[in-house]
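Listed next: structures, encoded as structure tokens.
Common to both upcoming complexes is subunit A, partnered first by subunit B, then by subunit C.
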Partner chain A sequence: MSRAARVIVAAFAALAVAMVVSLSAQPGAGRFATVDLYVASDMPVAAWQVELTETGGAMQIVGIERGDDATFRDPPFYDRVVLERAQTDRIVLASFSLSAADRLPRGRVRIARLHVRTTGTAQPDYEARLVAAGAADGSPIGARLTVETQPER
Partner chain B sequence: MAHPNVASRVVRGLTALSIGVALAVLVACSSGAPYPVSGGASGGSAASSDGSEEIVVTGSRVGSSTSSGRFSVRERQAAVAAVAPANAQPAGRLFQGSAPGGSKLLSQVQPGEEIWVIQTAAAEADSVDDSSPGSGTMLALVAPSRGAETTQVPLPLRHTDVHAVVTGYVSAVDVTQQFENPYDEKIEAVYLFPLPEKAAVNEFVMTIGERKIRGILREKEEAQRIYEDARAQGYRASLLVQHRPNIFEQKVANIEPGKRIDVNIRYFNTLAYEDGWYAFVFPTVVGPRYNPQGSSDPVAAFPRTEFREPATGTAVRYLRPSERSAHDIGISVELDAGVAIEEIAASHEVATRRDGESRAHVELASGNTMPNRDFVLRFRVAGDTIKSNLLTYTDARTQQGYFTLLVYPPAAPTASRRQSVEMVFVVDTSGSMAGEPIAQARAAINSALDKLERGDTFQIMNFSNEVRQFASRPLPATWDNIERARDYVRRLGGEGGTEMLSGIRAALGFPRDAERTRYVVFLTDGYIGNETEILGEVQRTIGDARIFSFGVGNAVNRYLLDELATEGRGTAAYLALDDSASAVMDYYFERISRPALTDVAIDWGAFAATDVYPARLPDLLAGRPVIVTGKFRGNVGDVRVHGRLGTEPVVFAIDAARDAQQPALSSLWARLRIEDLVRQQTRAGDVDGGYATAIRATALEYSLMSAYTSFVAVDASERTSGDRGTTVNQAVPVPQGVRYGTVVTDR
Partner chain C sequence: MEPTTELPETLPPALVERLRRLDRSQPIVDPRTDRAVLAQATEFFHARPRRAAVRMRWALPLGTAAALLLVAVLMRPLLLDAPGADDIDGSGRVDILDVLALARDRAARGDAAGISDARIEELAYRIVALDSSRSLP
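So, the complex of A and B:
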């Protein structure tokens, strides 16, 4: 191996090590992931409200996206319940659709995707509560909420 | 054990060093010689007088870049590694070559040839933080301009779409900015843009393809941390930051080549009203600001090719007069005045479709889409119907009521002879006023001089780098003095800086005339970056004087002009370049000729209003109502306004029949509370204390943008390949009527 080639190899090795160390040593670096919320109901769902907390570590919600059903046109609205400088968000989400009942989703459907950033070493532990679900005429309906997390990509 | 930050810094330093070494070695090995940038032979570097270096690296993908719509980006680090001081060329010379062969001057570049211009600052190379915007800025490919031909500069912002719905005197406005990466590498787009100064920005959505991601409002520093973290890890993200109540910065990270990301901003606003006319205003460009030495938070005016970030504050990049970007604007307004619309007028050519007596759809005509001047849409409503206009909203969750009320002064007779005044004209003669703006200001003063009466006194002051004045003290409005004044005005030009603070001090600082009220007529485009300092000085020195501010130009700093008038208990007026200066001055004198309603107070009765803004009601000038916004818990009842018309006490009832519910009112109220807190903060000179806490808390509670809160949105579902991408600052045209050369210094 020529001297120049050895120098190249050494430089790249130093570069690789430094980059790995640098990434892991970045102060305040968080992990990004998505959290999907599903509602299952036998009735068409026209409106819903969900409260989400995370108890295991430090979670920040960094984006809110609507679910799979296009009749809910806009991303859900939110109300940050904890407004102070909290490590972990507690958030209330809500959305509604003005579509006719026969166009509304029923069965199990993804209603929202949350984009989150977590920090610290603890694994996130999400708690979600379905505050309300309503039919097109505004009447409350029975529904079940489940949460699925997607790993960092 | 080392502090983590210190360790991190050391590691980053090692990383940078490794990259530099690796690149340098690679280059040496591949060519058998140092990178071919030696003087004039191939490629090149040029050391400019300010210590910066400009390097032109020949592209290997020579072709018709402009037709393909792809442009190349190279990282600053590569340039740094490739530069050898010994290769320095005379300042400002750019070279192009077909590496490793010969070179050409830029003027010799032919259409279709590709050049990569990478600029770095040798003097600052070690101190620049690589994570800061601009650290890897690409200076876009520019074909040599020939004659007066316009050069198209590829930049990421393609289009701004504005859709407003006006209900009564409240507007809900959706602004969508479409960013698209025209380069062949990943970028971060940065765009500094204006919004109306009282806009209550409360929604932020990032759109990627069909997916819409709602942004979250957070404390400013926290939002910036999240954004930078996402950007560094390759996630698509956007961040909205407020630099002034009317200047915002949009950042969009990790836009891949050829890909598009839209950002939607929603705000509420109230419309200004004057003599039967409502005005909807949408500003399209931030004017070039002058920042006096020592400004703590400047807004600098940089040429497009300046990649370095200012040491403090922020900067707007401007296109040269011969350059254009693809950015255009579309505006549509749905009007629902609630009462008959009698007339519609606009600053731009528009297409109007009437939809009944009180409704209309107005759209900006094609061919008028260059974003270089304010869009102003006025509509006149039927005479007396606006006198009572109460809008309310009750938050279902908190049961808190919000209201906004247009308080319209009673008709006052024109006085047979107005009170004598001491008229002090203060005109901005800085560089940005050169040309058409200063001509308009001269016309306005000349027109005002015509209207001075026996018993009045007057003074003319002008400021740029320093203050000059017509006479040593205010002179009586005699024929001789007015003629001499006209001669003085004729010689006013536009040149130099904007030391407005000196102008304010000069106008308000000299001894008061016990016989006359001082009226300060301020004529300026407001292109300064030290608004807080100016407004603080006005608060301290205004005394019983009145300020009437006149914004001269087509894209003026309305925030400064409105605040000057508010602090000075006068009004602001806007004098566009194609307006009649004499008509505007006629109107102003007509207004001050009629007695204002002073000592205004409102008896809310059973309405139980609290937290009302403006906290101190201004004098009510004829034809000019004031919008009062507050909270209430009671029932609409007998609301009465007390005041004094001249020396006579006046009481009148407001027909407070409640109008339709208006959900925007809570946001509008919160925005006014923030504005009031900012005023108090300026008065107290307390930047980080209790006022900041109160502003932050209000903004977070009502989900509003402020100086202390920002919106951030991250798409965490997918990471883009590669690193954080190169920062590209969106350059904008200078406002219409402003001369580029007088406000932007090309390097």
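So, the complex of A and C:
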């Protein structure tokens, strides 16, 4: 390898190291994760409304998908300004289905997936509240809401 | 000592007495003028309550009308956007179950229900709005 080639390789190596160091040192670089919302109910769920709050740090919602059941709209209703904001600590999601009761999900089912980007060093702390859940006839039903997060690859 | 710029320390008593008499306040209004002013003032203030009463006769209805108008303007958002108008299922609060009730009504009765898809979407977006005063898509 000639001397010029060694110099070029060394320069690229130094540049790569500098980039890695720079990216790891940026506090606002952010991490991406998915937040899955699950509802568990013995009765078929025809409508649900959830309020999700992040209290631990800065959260930016970058995407929202419906859950596993295709009878619900994709994505659920949400305030579209939330995605336009750089950061938000709260969002309300809701959806409904007019499908017959025998086609509606029951048991534990994922109702929505959020793709979020978090910044800062603090771990995000999600709090979810089930505002309402209803059966196919429109009557309110009791259900349990759980949140699962996992980092995106 | 210059007599044109300085006074003697003592004056003759007769001069002092005359100066005191001149310094006393003199009446500038004689009793006839005083009576005339009193008569005019009495006449003026006697007529004044009647004019005030005339103004008060209009002031009460006008004030009441203005107060009602103000109340109507202030209450308009509450009356027109009352939660009861969107509380379709009568649960006492507006949530996704009201949207579901609207959608079910429309699905069951069609156009006869008088409910448009836009109305259903508008209510759905309103319940998820973080700022309820903001216009929705």
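The rule is short, and it goes like this: the second predicted complex is superposed on the first by the 123 of 153 C-alpha atoms of A that agree within 3 Å, B and C clash if a C-alpha of one lies under 4 Å from a C-alpha of the other, contacts with A are read in each partner's own complex, and residues count from 1 in each chain.
To be clear about the criterion, contacts are C-beta pairs under 8 Å (C-beta built on N, C-alpha and C of every residue); 3 or more make two chains touch, one makes a residue touch a chain.
A quick note: this is a predicted structure, and the numbers were derived from the prediction, not measured.
Of the two partner chains placed by the overlay, only subunit C lies in contact with A:95; subunit B stays clear of it.
Contacts of A:43 after superposition on the shared chain: neither subunit B nor subunit C is touched. Contacts of A:78 after superposition on the shared chain: both subunit B and subunit C are touched. By the document's definition of touching, of the two partners only subunit B reaches A:66; subunit C does not.
Contacts of A:138 after superposition on the shared chain: subunit C is touched, whereas subunit B is not. The larger set of touched subunit A residues comes from B, when the choice is between subunit B and subunit C.
When the two structures are aligned on the shared chain, A:147 is found in touch with neither subunit B nor subunit C. Under the contact criterion defined above, the residues of subunit A that touch both subunit B in one complex and subunit C in the other are 77-78, 80.
Residues 89, 91, 95-97, 99-101, 103-104, 107, 124-125, 127-131, 134, 137 of subunit C are the ones that touch subunit A when the two sit in their complex. The part of subunit B that touches subunit A in the complex is made up of residues 4-5, 7-8, 11-12, 14-15, 18-19, 21-22, 25-26, 28-29, 205-206, 211-219, 222, 225-226, 229-230, 232-233, 235, 237, 697, 700-701, 703, 712-719. Taken in their complex, subunit A has these residues touching subunit B: 4-5, 7-8, 11-12, 14-15, 18-19, 21-22, 25-30, 32-34, 60-66, 74-78, 80, 83, 85, 113, 115-117, 150, 152-153. Those residues of subunit A lying in contact with subunit C across their complex are 46-49, 77-82, 88, 90-96, 98, 131-132, 134, 138, 140.
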